[in-house]
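Think of it as A, B, C and D in the order they're written, each chain with its own count starting at 1.
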Amino acid sequence: MGSVYGKNIRLSIFGQSHSEGIGVVIDGLPAGEEIDLEELQEFLNRRAPGQNSLTTQRKEADMPSFLGGILDGHTCGAPVAAVIYNHDQRSKDYEEIRRKPRPSHADLSAEIKYRGFQDVRGGGHFSGRLTAPICIAGGIIKQILKRKGIEICAHISSIGNIRDERFGMEIPKDLQEKAFPVIDDGKGILMKEEIETARKNGDSVGGTVECMVTGVPGGLGDPMFDGVENRISSIVFGIPAVKGIEFGNGFDASMLKGSENNDPFTVEDGRVVSITNNHGGILGGITDGMPIVFRTAFKPTPSISAEQRTVDLKNMTDTTLEIAGRHDPCIVLRAVPVVEAAAAIAIYDLLLD
Amino acid sequence: MGSVYGKNIRLSIFGQSHSEGIGVVIDGLPAGEEIDLEELQEFLNRRAPGQNSLTTQRKEADMPSFLGGILDGHTCGAPVAAVIYNHDQRSKDYEEIRRKPRPSHADLSAEIKYRGFQDVRGGGHFSGRLTAPICIAGGIIKQILKRKGIEICAHISSIGNIRDERFGMEIPKDLQEKAFPVIDDGKGILMKEEIETARKNGDSVGGTVECMVTGVPGGLGDPMFDGVENRISSIVFGIPAVKGIEFGNGFDASMLKGSENNDPFTVEDGRVVSITNNHGGILGGITDGMPIVFRTAFKPTPSISAEQRTVDLKNMTDTTLEIAGRHDPCIVLRAVPVVEAAAAIAIYDLLLD
Amino acid sequence: MGSVYGKNIRLSIFGQSHSEGIGVVIDGLPAGEEIDLEELQEFLNRRAPGQNSLTTQRKEADMPSFLGGILDGHTCGAPVAAVIYNHDQRSKDYEEIRRKPRPSHADLSAEIKYRGFQDVRGGGHFSGRLTAPICIAGGIIKQILKRKGIEICAHISSIGNIRDERFGMEIPKDLQEKAFPVIDDGKGILMKEEIETARKNGDSVGGTVECMVTGVPGGLGDPMFDGVENRISSIVFGIPAVKGIEFGNGFDASMLKGSENNDPFTVEDGRVVSITNNHGGILGGITDGMPIVFRTAFKPTPSISAEQRTVDLKNMTDTTLEIAGRHDPCIVLRAVPVVEAAAAIAIYDLLLD
Amino acid sequence: MGSVYGKNIRLSIFGQSHSEGIGVVIDGLPAGEEIDLEELQEFLNRRAPGQNSLTTQRKEADMPSFLGGILDGHTCGAPVAAVIYNHDQRSKDYEEIRRKPRPSHADLSAEIKYRGFQDVRGGGHFSGRLTAPICIAGGIIKQILKRKGIEICAHISSIGNIRDERFGMEIPKDLQEKAFPVIDDGKGILMKEEIETARKNGDSVGGTVECMVTGVPGGLGDPMFDGVENRISSIVFGIPAVKGIEFGNGFDASMLKGSENNDPFTVEDGRVVSITNNHGGILGGITDGMPIVFRTAFKPTPSISAEQRTVDLKNMTDTTLEIAGRHDPCIVLRAVPVVEAAAAIAIYDLLLD
């Protein structure tokens, strides 16, 4: 079991990069929630490739078909099932991938686990393409949360060593509309140059995504293993290439004194708030009404053009390989809506506790 | 629900800092596993306070009594239930804490969630003392894993801005025996000074713990939401004060090029290994046989002596508070065995998949 | 959440009687299991309607399309996702059903739960048609179990007051091939007459299905809430119209003395067996190697031709209704493979513990 | 894993008949629920042995000590942990039981599963004594449900072939106060004679318990695998000796016509009710506001005085055994509060969905 998430809602994601389709079943959505399919499609387009020169050139259409669960534009209580049909079901021989695991891809670990039966075409079930079903679920849930006053917004917080500003207490007004979502557009230009350089060199570059959730009521989450951090991290590590997550001040907090990191409380409009938000809206695993803030680290895409050392699994000898084709030099831009989707799913699952 | 963890084994942790006892029920351990209670006690002692001047002075005895599940020194298949009785059940009036939430403690979020009914004495169920039951479970499981050739070792990887070396491919021989577990003892001296300075100032300081698991077979974990990272992070965020986790190169990977971060494979003694371990033993959520490496960020203890701003929940006005008593200036030292315990539990739960 | 089952494998069933499709995602099947699609289709045909005059005349094609999870005739480790497209998506006005709940259907309880948003067309997600995806999953798993020497066979054990013989220690050789699966064909003739009489009267009749699982290893299941009975009943009550389940002697055991019901042990071919099997292969929730035997009670189909009393939910007044169309006078025949499928899924999930 | 139940609350039951203690951790109870410990004790006394000549003579004290979770008579949000210490920890040699499995006990299946490491003293974790922790949890939850207008009541519906009346639409007023809870006291006298006869003969006798839950709101439960029947049966099969469960008309429904079994609806006091309750309050897995009614079958206690055939596991030869001591001739009387407790837990877990 692996591609199943949630306690109150239950996502079950299926498909491989080149199987007949990829999709998701979402069990547990309440009946009567309106789904704006156009708004959903716009959200999915943010993740789709081929938007601009910075992402992979392969053109996929992320158009979901609904097999059940939606009636007259509303959830009907039955599980919502959506599929994106794969038009590109290449039957091309992938024997080389099966034989020579690509460094830092899941090829070797999958080979060990599935003993040669795994679908290696285009990365199979490990493909970044499988983030599309996460976005279908997350996009639907974002609409539900918005009606409850909960907004979720992510931005590129760094590419390589170039860092955007961090979130303050509110979501910057125009951020969600930006094609390249950064708070400081000047930094955005530098980031694009960084990606372009990587692309030209046949290399790739990593980055981080920061996500903020506003309007969250206090009291969500439980102590210990069912805290908000546990449940968000549980889904976020389901996004390919994520290698770290931190909440509030995160790793920076480990370098601070208590007197620097503590967030004093004050009364504002008859409501207790913290003056700073180093805790990222979560204390003891439970929300206190301040915005939830977290950052995730994405490693650089392991697909690069340079010749790399690997092994030949058939002969058990050292060898080299070159990964053909054009590669996505940076997945961080396309990961922004995926992080939003994951956060939406986790928060909604918590709300239903 | 909150203090329950696991898919194949199921931990249920109970108790508050000043209730009759704290403890754990571990359901799902196979019968016939030998438990060395002396070795377990030594492990628990590493977490217990009062070991030296760097930790809190309150002297607790972390001596578990077993209510069931162990017979003639072996697990008997029934749930293992252990309790540490609390000798210090202060009934002292804690009304001030209830009224004035301490900054960056769980006081406010607990007040919102439990509407005044929560046990605030000594932090209640949110107390760091609740990491003792995690260590009981983890200590038992470490013994089981060791017999399977799986070793788990953690060290203090930083205190404030002072950083220890990172793990290489093997666990340094003497690390587990050190009273102050760092790889570079010179850095250890500086760290102790940092803690001592915080203590003198009535302040606290954060840090990080790095953990390595060796001997892990390949093929553990599942793609997407049931990956090794998801399941380790799910339990690690159950440790109070943890604000971040990263695997392998983690956040550093986000600053690298693919050509720098990719780990080439080679054949060594007839087995495929990676030459470097930037991926921390996990690719696509699944182990590949390399050591699992992760780091967790601990925020500085929020209990400090300085006067701090907070609110009076009764009058809904701003006020200040001073937290009386001696505080633990740094919980990172005591957190080292807790991180090991959490990792042991997660890895064993994965092994039983 | 509701249409999700399993601990080690995870079924997620979707679709409504007249939505675009119905189907199932099966997460957690190991890679490398061969799937014989022809054998699967034959199994599905046993459930499909229109086989003979005793079942409903509507002709559905239960032909699954696989969207993922199967490659070159084997499971590939990714979730197996199958869909049966609904060709009959009647958009006919179902306002009367929404307004006048049919007695003993799920119309009223669904109306309360989903507040008018439920899909009432053809029973929606509550339709017996949703047992087809259970059969897809169960049919695949039956093939896996067979290779492990585990056989699952069910028969009609009663229709109305006419009772077939009960299972002994072995599955009767030709039972699986019979179009009307009973042990005593003479009783089968009487049963068919009973069904035919109900059909002519526009009425329906209930019955029971008995299921036996042979070749089950001892030691499956856990005490208390994770016993074999708990896990089988958990899935069996997911079949529409099931109102009871009993294991071994079941309710009859409640009328016996201990001296009558106890099963003495003996040694046979170097293996401990019980001379009788009143316990149905399960003691303390755990298998002991004897065949698992259980029976399920199906209520008569609530769709009958006679005028029935009900209420008008709009006006909140008493009224009557007649259910138009031809009804299935007895669902027990078609339920036989569904019970087998459910048992297969539960047993396999237990085997993976 | 086995002794863990629940989705929203999570019970974890521990202990063996002769370990240091038996008990339960209940995770997920909301804070602020008042617990009347005296009322709880009275409820526990209904299950305790030695009440009268009809039950086992061994005198146990079912007095729970609370280790956490309750403060000033209210739940505090932390897990409620309760233990009943075992004063009778006989270390007597139980080698004979380990060697000669008692017919229809869990001895053989436990031996297969736990390979000789199981605690056989007094039945270990399989002992009926483990129903006491279920009653602690259920007794607490019954109090919570009562405040919500939900009442749960069970009675002995049969002993051997003697049958009490079935529940109608309401709980008979004085039933809960009866020492021998039957609706028809005349039948109660016959039942007691039946038990007494079994006792004199060194034999035992089975029976059934019927349970009704009133005041349940409509809309509880989900379709398919998360229906009310699935979740109730999931916990009820955790009670030792239960071999069957049926809802509403249950197995009797399988002998009826649709025209006989269907429950017509009518409007009563502005609310839709069914005129009869053959469906037992559940349609399509979901409650419709009518009382939930179910019956469970208990096999006769397998401990009887007569010499019985069994095997010697050491020599793998046939042999006989006599079970020494006085045996409980009928567990059904003591099972009545256990069934109520199990129903309370399941219903409350559903309510928290």
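Note that in this section a residue touches a chain if its C-beta (ideal position, glycine included) is under 8 Å from a C-beta of that chain, and two chains touch if they have at least 3 such contacts.
Here the structure is a predicted model, which is why all the values come from computation and not from measurement.
**Q** Which chain's C-alpha centroid is most distant from that of chain B?
**A** Comparing chain centres, C lies farthest from chain B.
**Q** B-D versus A-B: which has more C-beta pairs touching?
**A** If we tally the contacting C-beta pairs, A-B comes out ahead.
**Q** What's the distance between the Cα centroids of chain A and chain D, rounded to whole Å?
**A** A distance of 46 Å separates the two centres.
**Q** Please compute the C-alpha centroid of chain B, do the same for chain D, then give the distance between them in whole Å.
**A** 39
**Q** So what's the Cα centroid distance for chain A and chain B, whole Å?
**A** Chain A and chain B have C-alpha centres separated by 27 Å.
**Q** Can you tell me which residues of chain D touch two or more of the remaining chains?
**A** In chain D, 1-4, 8, 13, 28, 78, 110, 113, 125, 222-223 touch at least two other chains.
**Q** Using the touch rule from the top, collect the residues of chain B that touch chain D in their complex.
**A** Answer in residue numbers: 1-4, 6, 8-10, 12-16, 19-23, 25, 27-28, 31-32, 65-69, 71, 74-81, 83, 110, 113-119, 124-125.
**Q** Under the definition above, what is the set of chain A residues touching chain B in their complex?
**A** 1-5, 11, 13, 101, 103-110, 112-113, 125-126, 130, 158, 160-161, 198, 203-208, 218-219, 221-227, 229-230, 233-235, 237-238, 240, 242-251, 253-267, 270, 272, 274-275, 278-280, 282-289, 297-304, 306, 308-311, 313, 316-318
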